[in-house]
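Sending over a structure as structure tokens; questions will come in a sec.
In this document, chain identifiers A, B and C correspond to the written order of the chains, with residue numbering beginning at 1 in each.
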Amino acid sequence: MKEFLTYVITGITLGASFALVGSGFVVVHRVTRVVNFAQGSFAVLAAMLAAWLLGGVLPHGAAEVGAVLICGLVGVAVGVIALGRRGTPPLISLIVTLGVSMLAAAAIILFWGQDPVSPPGLSGHLALLGVQVDRQRLLVLVATLLAFAVLGLFFSRTYLGKALTASASNPYAARLVGIDVRRMGLLAFALAGVLGGLAGVLVAPSNALSFSSDLPLALSGFAAAVFGGLSSPGRTLVGGLVLGVAGQLTAGYLDGSYQTEVALLLMVVIMIARSRTFVAEEAK
Amino acid sequence: MLRIDDLVVRYDAAVALDGVSLELGGGEMMALVGPNGAGKSTLLNTISGLVPPASGTVTCEGRVAQVPEGRQMFPDMTVEDNLVLGGWSIRNRDLSEVMDLLPDLARLRKAKAGRLSGGQQQMVAIGRALMAKPDLLAIDELSLGLAPIVVAELAEHLRYLNRERGTAILLVEQEVSLAVELCPRTCVLEAGRVVASGPSAELAESDEVRRAYFGDLTVPDATLAGLTEVQS
Amino acid sequence: MNSPKPSTVIVPVVSVAACIAPLLMSDLTFFVHTVLAAIVVTGLSLLMGYAGQASLGQGAFVAVGALTVGLGTTHAGLPPLLLLLVAPLAAALFAAVVGLPLLRLQGHYLAFGTLALLLLVQTAMSSVGALGGAYGISGIPAFGVGGWKVTGQLPYAYLALACLAVVLLLSRRVVNSRFGRGVRALSGSETAAESAGVAVGRDKVAMFALSAAFAGIAGAVTAFFTPYVSADSFPPLDSFTYVIMAVVGGLGTIWGGVVGAVLVSVLLQVLNTVGSQPGLPPTASSIIQYAAYGIVLILALLFLPRGVVPSLGSLPRRSALR
């Protein structure tokens, strides 16, 4: 029983990071209908930046925040490239972001080399329900829950957040009331950069990230986002947690090396199961 | 306050508006009628700045707000949010004026816009447009899909707006009798061109309007009688 | 105004050049790989251009073809020629089976679904002993027909070219057939195509299977040529490269695959040589490779969205109008 609990709790903390990356997908897709393949690259970039800032100049906390904010700016740049000219079909934008993720890998190798990076984080353990949990992993969970709460409040309570939601809900009407839908798209990309970056700085101390980590991160994040039909942050959170727990249970009871595969299978199954709802949403 | 000179608008290869000219004075109410595909919605979208002209000019002294065809709600957002977003262009979040003008909206504040009836949505759409404190209200198909009694109530609101606030109104309508009853002037659009323009009463009886709507078919006397009845 | 269509001049010239080139090169690895990539990308280009479906995991079908040959020769001792013919069928069958559920997905969901498929195939190959396991399948015999066996690289170059020729001819027939026209309707709108009487589901699967067959035959030839098959032979990056080649060449064109494969391969080879010059850090080639992939893809999509072939095709018309 204690074993089961360990897997569940570790799974939840792991799944939180999936949900965080996934929320980046959701924010961008809601507003622009684009899937940002480079979402994982934000995470890796932030980890690299944080380690670099910590090593040189800034103290803990400031370095991570700095890294995340820089990723927000990078997000805007990605958005400009991905959205392209008006009328670019979303599928083209997806492939463009694939190209961006490759450029990002090149840039990361250029500045930081090919070795995995793991900046220092919180050390030590905490006992939760009788299970020893890394404090860093607990931080990930707490930060994720906070981020989702803030995101939810932002979309529902602030003027800007409502304008973003409106751009997603009815772009024509949004333009009519004077909302600059393209600028909203770029804002969504900036948010995605921040969310992805946050995931990166939180995950890297426990799991070293390298230039090639963007693909598995993007895949897990996308898998989580799929639970929410790429538009519901709430269900993305649930999806991430489910995936995390499923992965840990597989690792514990079946075979540790099949975590990613289980996540992939789950993702494909959920996508197919929900495919009718997806078609209706895309048609809008 | 609105002056359109020789406006040409293209959608890819097709010409939607082919040299349209019209004028609307401040505080005026004008109807824009014509068959489907005449370019009425395109004209409104160009005035609203959503569609760029290929040539010609649109000059407007003051703000334009559009009440689009089919209401175009933000369906998952509340009525309150829909209204508040209407004021985005001038950052106006104060709902009191609009609530005074359209008191029924107060009751519907927290409802999801997508769940409302057509008439209620139309009221929200008008309220949303009014949040931008426009000098010109452009309305695309006010009566589409709505019961006559609902339309009459909305029309009353529009008259009030025009009378008490001096808001100019450009009303695109398929329902000719409504347009003609509400607006002293009418402009007839057909295949992207203005084919007639003038006092509504005269136009209702004119050949152009008949041709634009009924082609060369013989018209049942009852319908003609209905048209002439309106302005007598 | 009456000058012959460029294709009637260029095609024979290029074909002759392609047949002569292997005789002039000492190491044919680059040549063979480029031709095989062209085969895969031709299929991918049809899938993406005509059926409007993006596949980020085409390598999965290359793997199936390679596995057919690898297992068929080392475990079952079957004749190479038979396996060469069976491989594309196996890949097509695999695609049809997998495609039935998978092709219900659209757009980006399908893109991720095919990527997931590739990764799952890779995992299956590396964990299941019968499929090669951790060490892969080695000791694949040379290709041969009857008693004669291939020696050296040159025959593989011509084998690859022959397969490419077959693939191109097949593509032309498919594109001009009623099936091709039906599938073209797909990339516009599924519901519109459906109401026009196009059997959307079946046609999508058929196109998917066809592109898989092309990939499968490329995989088969690779298995003989390398001669080694393992999970690492089909990394996601290769599948992404196929997409880049397809985009650069021109989606939905018959020659787009060839043009894209050649252009991108040559570019990468040049950059590789540049990157491995003495004096540059060892990471230079990776940087340059990734950067090249990214930049080529982004520039191609944003500035030449229809690809090289369609853009070239409109040139003579433009000059005629002057």
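Rule of thumb we're sticking to: contacts are C-beta pairs under 8 Å (C-beta built on N, C-alpha and C of every residue); 3 or more make two chains touch, one makes a residue touch a chain.
Just so you know, these numbers come straight off a predicted model, no measurement behind them.
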Checklist entry - Among line, ring, star, complete and other, which best matches the way these chains touch? => result line
Checklist entry - Based on CA centres, what chain would you say lies at the far end from chain B? => result C
Checklist outcome for this item: CA centroids of chain A and chain C: separation to the nearest Å works out as 32
Item to check | Centre distance in Å when chain A and chain B are each reduced to the mean of their C-alpha atoms | outcome: 44
Checklist entry - Any idea how many Å lie between the Cα centroids of chain B and chain C? => result 55
Item to check | For chain C, residues that touch 2 or more chains besides their own | outcome: none
Checklist outcome for this item: Residue set of chain B touching chain A in the complex reads 48, 50, 65-66, 68, 72-77, 81, 84-89, 91, 93, 128, 132
Item to check | Residue numbers on chain C that touch chain A, as the complex places them | outcome: 52, 54, 56, 101-102, 104-109, 111-113, 115-117, 119-120, 123, 127, 190-191, 236, 240, 243-244, 247, 283, 286-291, 293-298, 301-302, 305
Item to check | Residues of chain A touching chain C in the complex | outcome: 35, 81, 84-85, 90-92, 94-96, 98-107, 109-110, 113-114, 211, 215, 219, 222, 226, 257-258, 260-261, 264-265, 267-268, 271-272, 275, 278-279, 282-283
Item to check | Complex contacts: residues of chain A adjacent to chain B | outcome: 159, 162-163, 165-166, 169-170, 172-179
